[in-house]
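Pasting a structure below so you can have a look.
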């Protein structure tokens, strides 16, 4: 029996071809983007190193957003520690220079609106030049307002942006790995907390548990904020952990702004057999920028240039 | 068909009462979503059984106005578009007049089965508001640019679908669907677009309005493309082409008579919509004329592709949705005219 | 401020007008349907009386199905005790002669395919003549294969048939009663157990709990069967009770084929304040008919005429 | 448009290679769903990366064949149509060729947003099977009678939509979409319908097939309505009307050339579909001709209402979906022909 294969990476049929926007040259050199060397992904990176990388991710988010003049600040900043740990703490296996390598672990950003943090992470890992971050949300950029697989950006496994869909896709990937290909790849998916009010999250949870997908780790960015307010005011979600437990997940609750707790959580997730894991990562929206911290009004706004300067001055070390 | 007979009788009469009406002028810019928001407040003031369901984007689709004014009749549903639609159905079956609004991509796609069965088949008196229509959404990109709703809603029996052309019409249309029995969908946009209709410009569900008379070609448009059509028509007038502009604010039920009259009198049609050219307004007009009076039509709209990030203007230009594109379509259809 | 009202009951715009199919006259008299007097709905009805009514409902289901030559046997038979208790044990308030009375309690059959049991119940309560049961699934019958509100059948509060939708509708009704009209009406909804794999069930659960809808009682017909097999093989649902608990419901687990347990459960549900109740009613599919009992293959089949005779002979007293 | 030019060159040539082909004869009856089921098995035997997702109705949509044969490549999803579609997307992005099938009402409506974003926008190689097409479902009634899918799928960029006419074509079409890259939707039915195509009848995605030649009128049909069209055409032939029958088995991308040729040569069109007349096949044909060659069309289909319970035959008759209805439509369109 044969395998019918098609080239699916990179797609790059993007909405109108290969003429990409140019990053602003002055800013590229101001931020030192042309001399940037990618960070290494290693379990040997210390917590301090990962924290530094998280801060650099945060700075890159601010820089991209202030240039874009639209986009989401709060969730991306709040979850930067999760991304730093995943991509630079030796948790995920990938090769930025061979981004579609068939034995890579995969990450799906179910909360598509949080893409600035993913783009910044990928750039810091060397998937594409950092300067490209400055084209975020511009006409024909590979950095779409919500991830578009049609743009062929290395590291973007799926288009997302309609909440509640990415987790189901990740479940399909994990099913493929564990039950069809029977390999040892792992799949990670991140959802917002507001996002888990979408029923597809619970359908996906049922399916993941039914098929014992222990190669799947779901991270819920529990920042208690969504667009219209605090999550418990907009739609009560507590107790989040109990919900996933009742859906037969192994649940780990941790401080999602604490690198060492996150490391331990991912390690534990990798050791669990027979059921998927959900990490309920308690974060603060806008973490690291004083005037954004824990304020839902920063869900979907970019900083002004003054605010960006202030933010960058806070996001040191 | 009856319509064809009506046509035979009226075909060479000029129908237009607007023929001598003053030109529409741009009177600032304002997004249609604000009209929706204000219309809801008017309804809320008038009727105590009007209630609104929030989908965690109340500030984007302007249900926030109603929420601020009538907090006790506003209910947050979180991010549950499918079930919010069902809850609306249950409220309607209890005698309420519920509005549920979110981005059009989710207001028509996340809950399509619910619209089909719990609204349309149930004939429940629910009003769905779909915001962020079309690519003029801008930077958010393809996932958030609703370009398919007109096809999806139009194919459902019992549904009424309105697409207002500017702020003021959006307000009138919102009030009109609130007072009309049955499941309705209203489509509105995020970005500021020209305001040009006046307080006395009529709006009636199911009735097209001729916004400019003309007999060489009829441009049938909906939503903010009506303004683009007017601009195109005024420019064409200067170039000696007499273009009629029809505001097809109700897509379902569609005003068959206005379409057939336009075809009979102008013998060439251009449709313009911020939507896929497949199965939307162009499709609806084509269906009517194929059955009543086959006529050359050119379609202005998005040509079966997804949108993308960019500034609204950039995108409208790239995707061919400007008055210039309408003019080219007119030139093309005039060549095909017999 | 005024209320804008429209006549919404009865709708009766049915798919092609008022010419209804005629029930088979011979069968009408064979079953004694022309002389039938409706059962009373009263808390004074003994458990035995309710059991007898449940058996009569079961017989009516068999009669309707064998005549229709298509339709669902298993779920309807298994849940007859729930319906008998709800409609005849004084649990629900309704007036069969004034079926759209504005102070009635309401019942929504989320598992629309189970309509034979609802139709049989309504007929036994006097909502419409029993003879009409024999028109089930026939062209232009008010007894559609799945409930259609457009047919105007008294007692049918909503069209259903697409699984997972009815509960959301019931939540909307309960919201209307408790939060807008502020009356003391109650809303009941029944879902299948396979049905709760639909994500809309969990969205509806979130919303019901968020808005403290203690006037809502959800009954899950936990028969462990769905079309393709046992629920735990098709899609693992256990622990059902824990799931609803984690979604902030008051949960009652009971034997759904035991009248006195059901009575107690409904009573308890009515006493709970501040949160909705979920009754996980453990039933057997096809209960009461030996050759159907607990067999998922009876989900969607009608009995043959021989099987119907056998079934009717078992369904006594 | 290029198509129109092609037409100008070919307009008076008779295109048909089928002109002298033998008549199609009925060869028993079998539901198209069985063709889907058998096609899946063929694919499963040929390719080890074909996988199937079950939606708790495997015995109705005949994915049970595959399940029995390849249990290790069959995955039960319970009753989760929306997420099953997403899981399929994830499988496709992993190099699998996943099929997910359920009733068409749920295969196109419960997961519309997922089809839009995770299949179409993602260009994921997923195949959706929608069973229980149309009112020939019978007793289950309106909720289960899918009449809207063609509009919903057709408006999505990147989608391919095929509607096979009989058992054998359903099998061929299933294999064809399995071997074709990209998101596809195949529509098939529950009830037995005439088998009439032969092993050597060509099936190609995107290509219409002329099943009977004729020059007075062209009947463009899809699904089991093709047989009804043939019956009508043979009867009309006896009555002196030469009717062409075109099997439009691919609704998207639609074979524009076949439509324009038919219009150019016959000058009158009837479309026939077991679907709403709104925005479906009739809509697609109207759109093409409005742009290329305006031509009178009559639509046979469900006229913007929901179905209901009854025997399939009773319903087909009541809703106007028989060969007799096609004949009346032909008579009507012939009168409109110029």
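To keep things simple, chains are lettered A, B, C and D as they appear, and every chain counts its residues starting from 1.
Definition applied: a contact is a pair of C-beta atoms (placed from the backbone, for glycine too) under 8 Å apart; a residue touches a chain by one contact, two chains touch by 3 or more.
As the structure is a prediction and not an experimental result, all values here were calculated from the model.
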In this assembly, which chains make contact with chain A and also with chain B?
-> C, D
Farthest from chain D in C-alpha centre terms, which chain would that be?
-> A
Could you quickly compare B-C and C-D and let me know which has more C-beta contacts?
-> B-C
So what's the Cα centroid distance for chain B and chain D, whole Å?
-> 30
Expressed in whole Å, how far the mean CA point of chain A lies from that of chain C is 45
Whole-Å distance, chain B centre to chain C centre, using C-alpha means?
-> 41
Intercentroid distance (Cα basis), chain D paired with chain C, Å | 37
For chain C, residues contacting two or more additional chains | 148, 150, 159-162, 197-200, 203, 206-207, 210, 235
Name the residues of chain B that each touch 2 or more other chains.
-> 76-78, 80, 82-83, 105-106, 110, 113, 116-117, 121, 142-143, 305-306
Residue positions on chain C within touch of chain B in the complex are 1-6, 8, 11, 13, 108, 148-150, 157-162, 165, 167-177, 179-181, 199-200, 203-204, 206-207, 210-211
So, in the complex, the side of chain D touching chain B is made of residues 105-106, 108-110, 112-113, 116-117, 120-121, 142-143, 148, 151-152, 154-158, 269, 276-280, 282-287, 289-291, 294-299, 304-306
Touch list for chain C against partner chain D, complex | 14-16, 68, 70-71, 112, 137-141, 144-146, 148, 150, 159-164, 194-195, 197-199, 226-228, 233-235
In the complex, chain A residues that touch chain C | 197-203, 206-207, 209-210, 235-237, 239, 242-243, 245-248
Of chain B, residues touching chain C in the complex | 45-51, 72-73, 75-78, 80, 82-98, 113-114, 116-118, 121-123, 125, 178-179, 181
